[in-house]
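Here you go, one structure.
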Amino acid sequence: MNDRVMKRSSFPIGKIIIWILLIAVAVIQIFPLVWLLDFSVASSNEMFTNGLLIIPKVIHFDNYVKAFVDGNFLLYLKNSLLINVLAVVLVLIISIMTAFATTRMHWKLSGTVRIIILLGMMIPIHATLLPNYVIYDKLKMTDTIWAILIPYIAFSLPQGLFLTSSFMASIPKEIEEAAIMDGCGIYRIIIVIITPMLRTSLVTVSIMTFLNNWNEFMMASTYLNTDKWRTLPFSVLKFTGLYSSNYAVQFAVMALTAAPMVIIYILLSKHITKGVAMGAVKG
Amino acid sequence: MEKTYSNKAIIVSLVLPGIITFIFAILAPIILSGYYSTTDFSGLGDFTFIGFDNFTELFKDKTFWTALTNSLLLAVGFIVIQHPLAIMMAALLDRKGKRAEGFFRAVYFLPNVISVVIIAYLWKFIFNANFGLLNNIVEMFGGKGNINWLGTGNAIWSVLIVLIWHGFGWGMLIYYTGIKNIDPVLYEAAAIDGCNNKSMFLRITLPLMKPVIQVNVTLAIIAALKQMETVYLLTNGGPGNETQFMANYLYKQAFSSFRYGYGNAISVVFVAICIIATQVLNVIFREREER
Amino acid sequence: MKKLFSLVLVLAMILSLAACGNKDDDKTGDDNGTSPTTAPDDSSDDDATGEAVTIKVFTNLPDRTTGQGFVEQTLFDSYMAENKNVKIEVEALDDEAYKTKFKAYAAGTTMPDLVSVWGQPGFIDEVMDAGLLQELNAADYADYGFIPGSLDGFSKDGKLYGLARNTDVIGFYYNAKMFQDNGWTVPTTYTELLALADTINAKGIIPVAMDGGDKWPLYIYMTDLLQKIDGTGVMQKTADAIANADFSDPSFKKAAELLREAASKGLFQTGFETTDYGTAKNLFTNGQSAMFYMGSWEMSMATNQDIAPEIRDNIRVFTMPLIDGAQGKATDISAWNGGGYSVTASGAQKEEAIKLLNYMFKPEGWTKLAWENGVCMSAQDFSQFATGNETEVQKQFTELVKSATSLSGTPLGDMGTSEFKTQSSDLTQEVSIGVKTADEYLQGLAGASK
């Protein structure tokens, strides 16, 4: 893009240094993961060597078999996907509704309500762990999908609202005012006019919500008692107990647990990085 | 028009789901927390009200102050180490990355998509004093390779390294986008005026990035205050209480020491600190709000 | 927008695929995919003899395929096979996670029916006081062969609230082959132990793998030292010290100094204070360390197929060596009855849970299975189940318990409140790494007692 600038400043040594720097940071960011993969196919006693990476004598894919079977991988994956997709969809819907009501509609408490919900961003989830348990227990909601879906939504909502309302503020009012003149109702305006215009921010909200909740485990392990709704991070916790004397399998289960998200990320990396960045910059 | 926009029924129907979720999952537990914070509840059985005793004890509690200091240290670490690094790398990537930009961006961000559970366990292995990766590297460069990374004195820095490493991609990405939004014409004009790279960075990139930096700094401070999972899994506040953070400390008090009332007092103060910090930052960055 | 839709689409596809492939798992109610808990039940629903009963068990033994978890699961499976109408649902978590979750359960309205508990005041007193546990009929267990005193921790005001699972002894597991190959001998005094540490370190091997990250092995080490310093009365002395908030007795200081000396002279691995249980164990089982300081329940290492035979077959044990000029004898050992089970008062299936508990603790239940599998020593008389095929380390532990002249308990962790335990754990860790001096440590303990 700024070719002229480039030409002026790019003499070989500087360029090489810059490239070394870029590559070095890339290596630092990615190496622990390479290490993880490497160890996941080794055998446990090979891990006590001194090299940076180990070259396993035999590639142990059976580590993955153990991790897959004993880790209940498919069940946890299904739960993770279901819960997270639901959370994303509900966060989107509620964010749009609340954002519209608090930025567009005229009522006295709109600012207050918005600020209060945004305060949720400040609230540490861990402060709510035990009181929430008491509440869910009284309502017989422990070990149901709601026990984690509701807090996931609640704690992603502030961010969702924040992003959607700042995007909404930048949408000119003229279009919807014209629509109202034509007799269009509020709900219709939200669905037909506002939502499509918000799409970039919605992608961002989806990605942020997904990233935040996908990896959550504190609530999942507190509110859920059986495997029925347990999510992927739990398999890692479970394996440290189950295979405490077999490191290789622990590495395999970590790699396996990380895999779905990494695959999704590789497939959609352009959109994810763009979405995250848009959100923070515009927000 | 005004009538449509102030239709009470519609307003209520729009905000109700959000408010209900908020009340149910955030407000109610916090009120409950406030209630328990004035008791000597152990988590089991009966309890009595003890007024503000928990709070007076808290302000005398050394570990609480350690936790607060650690949070601040972490925030400073983010602001002084992670963010400058992120801005620099973002600028480099923007100016010199060429066709590999996308690749680098993707790689830098990768750790962010991996579960904290995995990150923490992985780094625990990396930091292991006896067979960890880091000591192996030290050994390769001729060191003795017996550094106790999670030991006393080092632990807090190791925790910082992990958190900075984990969040680096996120910050970088945001700055990168900020830089991309800067009009290239400005750089061209500066180049014609004979500016070198360094002064272009200082005179154009940084000033124009101010709003982005402000948002990022706010988010970093909040993240530092709220830090829990990584510390919980990596050191659980140890050795002793050296790497204690507020969230982890309230958890420890409530769940290990069976001092649920006290734990709740911590969480009330914790929530207050988070809110005050944000307010203060808002005041500082006021001009941006008024833009 | 299109991208978002395609993302959702991809997810939905994976979701439906996963759902199809996983119908069976879905039904598995127990915590653990590996255990066949529900398998016998599925076929028996039709020919059930009694009313269908589901007993919820909450246990601190997550590993269901080896060690104590295996024994527990085996008992559950055979109970279900004998009682077709009973289904046992297991939820299992590691100790720390277990205690957290236990607390959450306790704060709620219903608890699982059968739960793991620790018969130590630091854990069980608060639970008993809150009325969470169901009283058991002590007379029922008269002929169960429980070792005298083993149920004391589970009793209050003459009422019994739980059964002890094991008699636990702490010791130094060592790799006999490594010792032999290098010409090392088992130390008989503390000085020899520290000298041995130097020799082993010089070889580039870790002398003792220590789980200092969990902290309790450290305060047990302290207790172990106290036992060797004083010989008897350690439990009472500590209890008094806590009650009076006064740790000025010289024995405490001496023990703290000896612990610090061991750590500073490199008896434990670098970074022992942050090494967790699994890592410490792995250092030993992979030949990285010559010794491993841990309780007798780890005797199952000797039969663990994940461990290489040349190490597995050479595991032996010795207890804390004598301290020069102190009163403790070799037979004054550090041992206690810790973990066990209780039936909860709020559980839905109290009667059934008690039946299950009684089934488990019939002498030919837990005791026999645990012994035959080389897992641990139950809190009951297990001598009748001697098979002659015991592992060496099993025989050694049996001998230790038989010849013991005094047992220590774990007073530094467990004679006070949970609050005391947390602080005492932190303080012991800090004194071991030299962050606190012995005097500061004792002051800290006194402060925590108030």
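The chains carry the letters A, B and C, assigned in the order they are written, with residues numbered from 1 in each.
One rule holds in what follows: contacts are C-beta pairs under 8 Å (C-beta built on N, C-alpha and C of every residue); 3 or more make two chains touch, one makes a residue touch a chain.
Here the structure is a predicted model, which means the values were calculated and not measured.
Chemist: Check every other chain and keep only those touching both subunit A and subunit C; list them.
Modeler: B
Chemist: Which chain maximises the distance between its CA centroid and that of subunit A?
Modeler: C
Chemist: A-B versus B-C: which has more C-beta pairs touching?
Modeler: When A-B is set beside B-C, the one with more contacts is A-B.
Chemist: Indicate the whole-number Å distance between the mean C-alpha point of subunit B and the mean C-alpha point of subunit C.
Modeler: For subunit B versus subunit C, the centre distance works out to 36 Å.
Chemist: Provide the C-alpha centroid distance between subunit A and subunit B, rounded to the nearest whole angstrom.
Modeler: Once rounded, the distance between the two centres reads 15 Å.
Chemist: Which parts of subunit A, given as residue numbers and ranges, touch two or more other chains?
Modeler: Those would be 47-48, 129-130, 134, 237, 240, 264.
Chemist: Of all the residues in subunit C, which ones touch at least 2 other chains?
Modeler: Those would be 100, 103, 107, 288.
Chemist: Hunt down the residues of subunit B that sit against at least two other chains at once, touch-wise.
Modeler: 43, 131, 254, 260
Chemist: Could you please specify the touching residues of subunit C with respect to subunit B in the complex?
Modeler: 96, 99-100, 103, 106-107, 126-127, 129-132, 206, 213, 215, 269-271, 273-276, 279, 283, 288, 417-419, 421-423, 426-427, 429-430, 433-436
Chemist: Under the touch definition given earlier, write down the residues of subunit B that touch subunit A in their complex.
Modeler: Spelled out, the residues of subunit B in touch with subunit A are 1-2, 4-8, 10-11, 14-15, 17-19, 21-22, 24-26, 28-30, 32-33, 36, 43, 89, 92-93, 95-97, 100, 102, 104-118, 121-123, 125-126, 131, 133, 136-137, 139-140, 145, 165, 168-170, 173-174, 176-178, 181, 184, 187-188, 191, 196-197, 200, 212, 215-216, 219, 222, 225-226, 228-229, 232, 246-247, 250-251, 254, 260, 263-264, 267, 270-271, 274-275, 277-278.
Chemist: Given the complex with subunit C, which residues does subunit B contribute to the contact?
Modeler: Interface residues on the subunit B side: 42-46, 124, 128-131, 146, 148-152, 155, 235-236, 238-242, 252, 254-260.
Chemist: What residues of subunit A sit close enough to touch subunit C in their complex?
Modeler: 44-45, 47-48, 69-72, 74-75, 77-78, 81-82, 85, 129-130, 133-134, 137-138, 142, 196, 199, 202-203, 206, 221-222, 225-228, 237-238, 240-247, 260, 264, 267-268, 271
Chemist: With touch defined as at the start, can you tell me which subunit C residues reach subunit A in the complex?
Modeler: Those in contact with subunit A are residues 1, 3-4, 7-8, 10-12, 14-15, 18-19, 21-22, 25-26, 28-34, 62-65, 89, 91-94, 97, 100-101, 103-104, 107-110, 112, 277-278, 281-282, 285-288, 301, 304, 306-308.
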